[in-house]
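Take this structure first; my questions come after.
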Amino acid sequence: MLDVENVKSWMTKFNEQIQAHHDYLSELDTPIGDGDHGNNMARGMNAVMEAIADKDFTDVPAIFKTIAMSLISKVGGASGPLYGTAFMEMAKVGDGEVSALLPAALAGIKKRGKAETGEKTMVDVWAPIAEKTDFTADDVDKAVEATKDMIATKGRASYVGERSVGHIDPGAMSSGYLLKALLEVEE
Amino acid sequence: MLDVENVKSWMTKFNEQIQAHHDYLSELDTPIGDGDHGNNMARGMNAVMEAIADKDFTDVPAIFKTIAMSLISKVGGASGPLYGTAFMEMAKVGDGEVSALLPAALAGIKKRGKAETGEKTMVDVWAPIAEKTDFTADDVDKAVEATKDMIATKGRASYVGERSVGHIDPGAMSSGYLLKALLEVEE
Amino acid sequence: MEYGVVIVSHVSEIAQGVKRLIEQVAKDVPVTIAGGLENGDVGTDMQRIIQAFEDNSATKLLAFYDLGSAKMNLEMAIEMTDKEVKLYDTALVESAYTAAALLQVETKIEDVEAQLKDLKVK
Amino acid sequence: MEYGVVIVSHVSEIAQGVKRLIEQVAKDVPVTIAGGLENGDVGTDMQRIIQAFEDNSATKLLAFYDLGSAKMNLEMAIEMTDKEVKLYDTALVESAYTAAALLQVETKIEDVEAQLKDLKVK
């Protein structure tokens, strides 16, 4: 069960990963997209950190809503409304129960992006993890890696269709960072 | 049989009509188009007059080519390539034989605009006139007027479809000026 | 006017340019735009889309967009506004032009939508 | 690159904006534009289209346009150039984006054209 402090350190760890892999995320986005995923996420997470640092939140839903709004308004790419909706739906859960949060986030992402598994998007990381009662960093890595062989049928990568095979999906990778950061906080 | 001087006075008379009815042509273009036909034709004919005034032409095809290029490069709307192609095709006739020029112009306009009669375009004025061995100002006026009841299926006016009924086609009107100016020169 | 048009594009120039193109044939149709990010970069921004809804003097809006990620932001904006907004998965420039030209001559919305159907590309 | 893209629009902002949008996903595809008239007004100009053909470093060009009158000027320009130009009656923004994204990853022209077919709107 996450509390507000847990969520803050979750975001802090996630932000570290995003900033550290800023270039790598944009590189992943170059052959199958527009090369901005690292920039988008870095900008969005800067806004999140600014919005939550030194601020008191009454409860977990309140901090989730603030995170959601920062991502929605600052990311600028498809991943903005997707991550934004994920956090918005997590806010609706009402508390910090991880086994309820992840399915809520997944449902939000699927609703927003109208994607199913196997379409080479972040859904392919969220889905297998949200369906597990317990997950490991290895589960996450495997889910991220599995997007490599998929043919993109949603998002910008779908324009290059079969040519997307052989490349890891950038949103899957950033989602992997988010889920592994959660693992560290839960430990 | 037109000679170079005849063509010059044809253009002079046509230009007078265009400049005099500048606003009216744009008004006709407003309910069923973008309201620029008067501007387009005025700009184009200014360029034509500048290109042919005080200039010697070896023959009728040469002056037709110059007129065509001025219209193509200066009109800026659909009527530019249409009138331009008309004069280009007239240049190919090789002399000033009106009974050959008008069918050539009509064929050029139809090729360029892919329009047939009854689509509420300038074709509806060129076609009935070019098919006659002799025509009168009254024939021209009738052809122009007949576009009023047509439903536009080509050009910008086709976007408003049935709503185009009740309005004279602007390109039909300017074509009417051109053909009546020719009558005056032939007399 | 009852109906207005909203243009959402990843690039501010596209949004501005489409507005310019359609205003030529639809002087009385309210057209508002959300193009690019606040800092001028390429992208779409839900707040700017909501702003375009608010700035439009019409209460019922037809919204057109370029790429799928604009659609997601549009959908979020629609969830958050009081205006009645309908989005169309149609060719951006062509359908905005068609809709504006038809609305200008007070075409019934059903007829506008019938024409837009042929422009569906996404 | 063997293939390049040419954007023809009545409005210079649209042409510039589409170039900006597609260059993001197609850094190596030569894109040239002909937007509006010389004086900045709305319209299309055959000379500017020919210029866009010449300025494009590719020898084979895919041309996209907004409205029918642009098509007429495009066709005249095609008759006058030595380049191999093919014009598509497809959604301007969406098809220019699709073509550029596919050309960037060296998709065969047949496959590019197959994708463009779905974007035919005029």
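By letter and in written order, the chains are A, B, C and D; residue numbering begins at 1 in each of them.
In this text, contacts are C-beta pairs under 8 Å (C-beta built on N, C-alpha and C of every residue); 3 or more make two chains touch, one makes a residue touch a chain.
For reference, the UniProt names are A, B, C, D = phosphoenolpyruvate--glycerone phosphotransferase.
In this text, all values refer to a predicted model and were calculated from it rather than measured experimentally.
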| item | value |
| --- | --- |
| Centre-to-centre distance between chain D and chain B (centres being mean Cα positions), rounded to whole Å | 29 |
| Distance between the centres, which are taken as Cα means, of chain D and chain C, whole angstrom | 23 |
| Whole-Å gap between the CA centroids of chain A and chain B | 62 |
| Per-residue multi-chain contacts in chain D, two or more chains | 24, 42, 67, 97 |
| Where chain B touches two or more other chains, by residue | 34, 36, 156 |
| Arrangement of touching chains [line / ring / star / complete / other] | other |
| Interchain contacts (touch definition) - all pairs | A-C, A-D, B-C, B-D, C-D |
| Residues on chain D engaged by chain C in the complex (per definition of touch) | 9-18, 20-21, 24, 35, 42, 66-67, 91-94, 97, 118-119, 121-122 |
| Of chain A, residues touching chain C in the complex | 34, 36, 40, 72-73, 76-78, 80-82, 84-85, 112-113, 154-156 |
| Chain D residues within the chain B interface of the complex | 37, 41-47, 67-69, 72-73, 75-76 |
| Touch list for chain B against partner chain C, complex | 31, 33-36, 156, 159-161, 163 |
| Parts of chain C lying in touch with chain B, wherever the complex brings them together | 24-25, 97-98, 101-102, 104-105, 107, 115 |
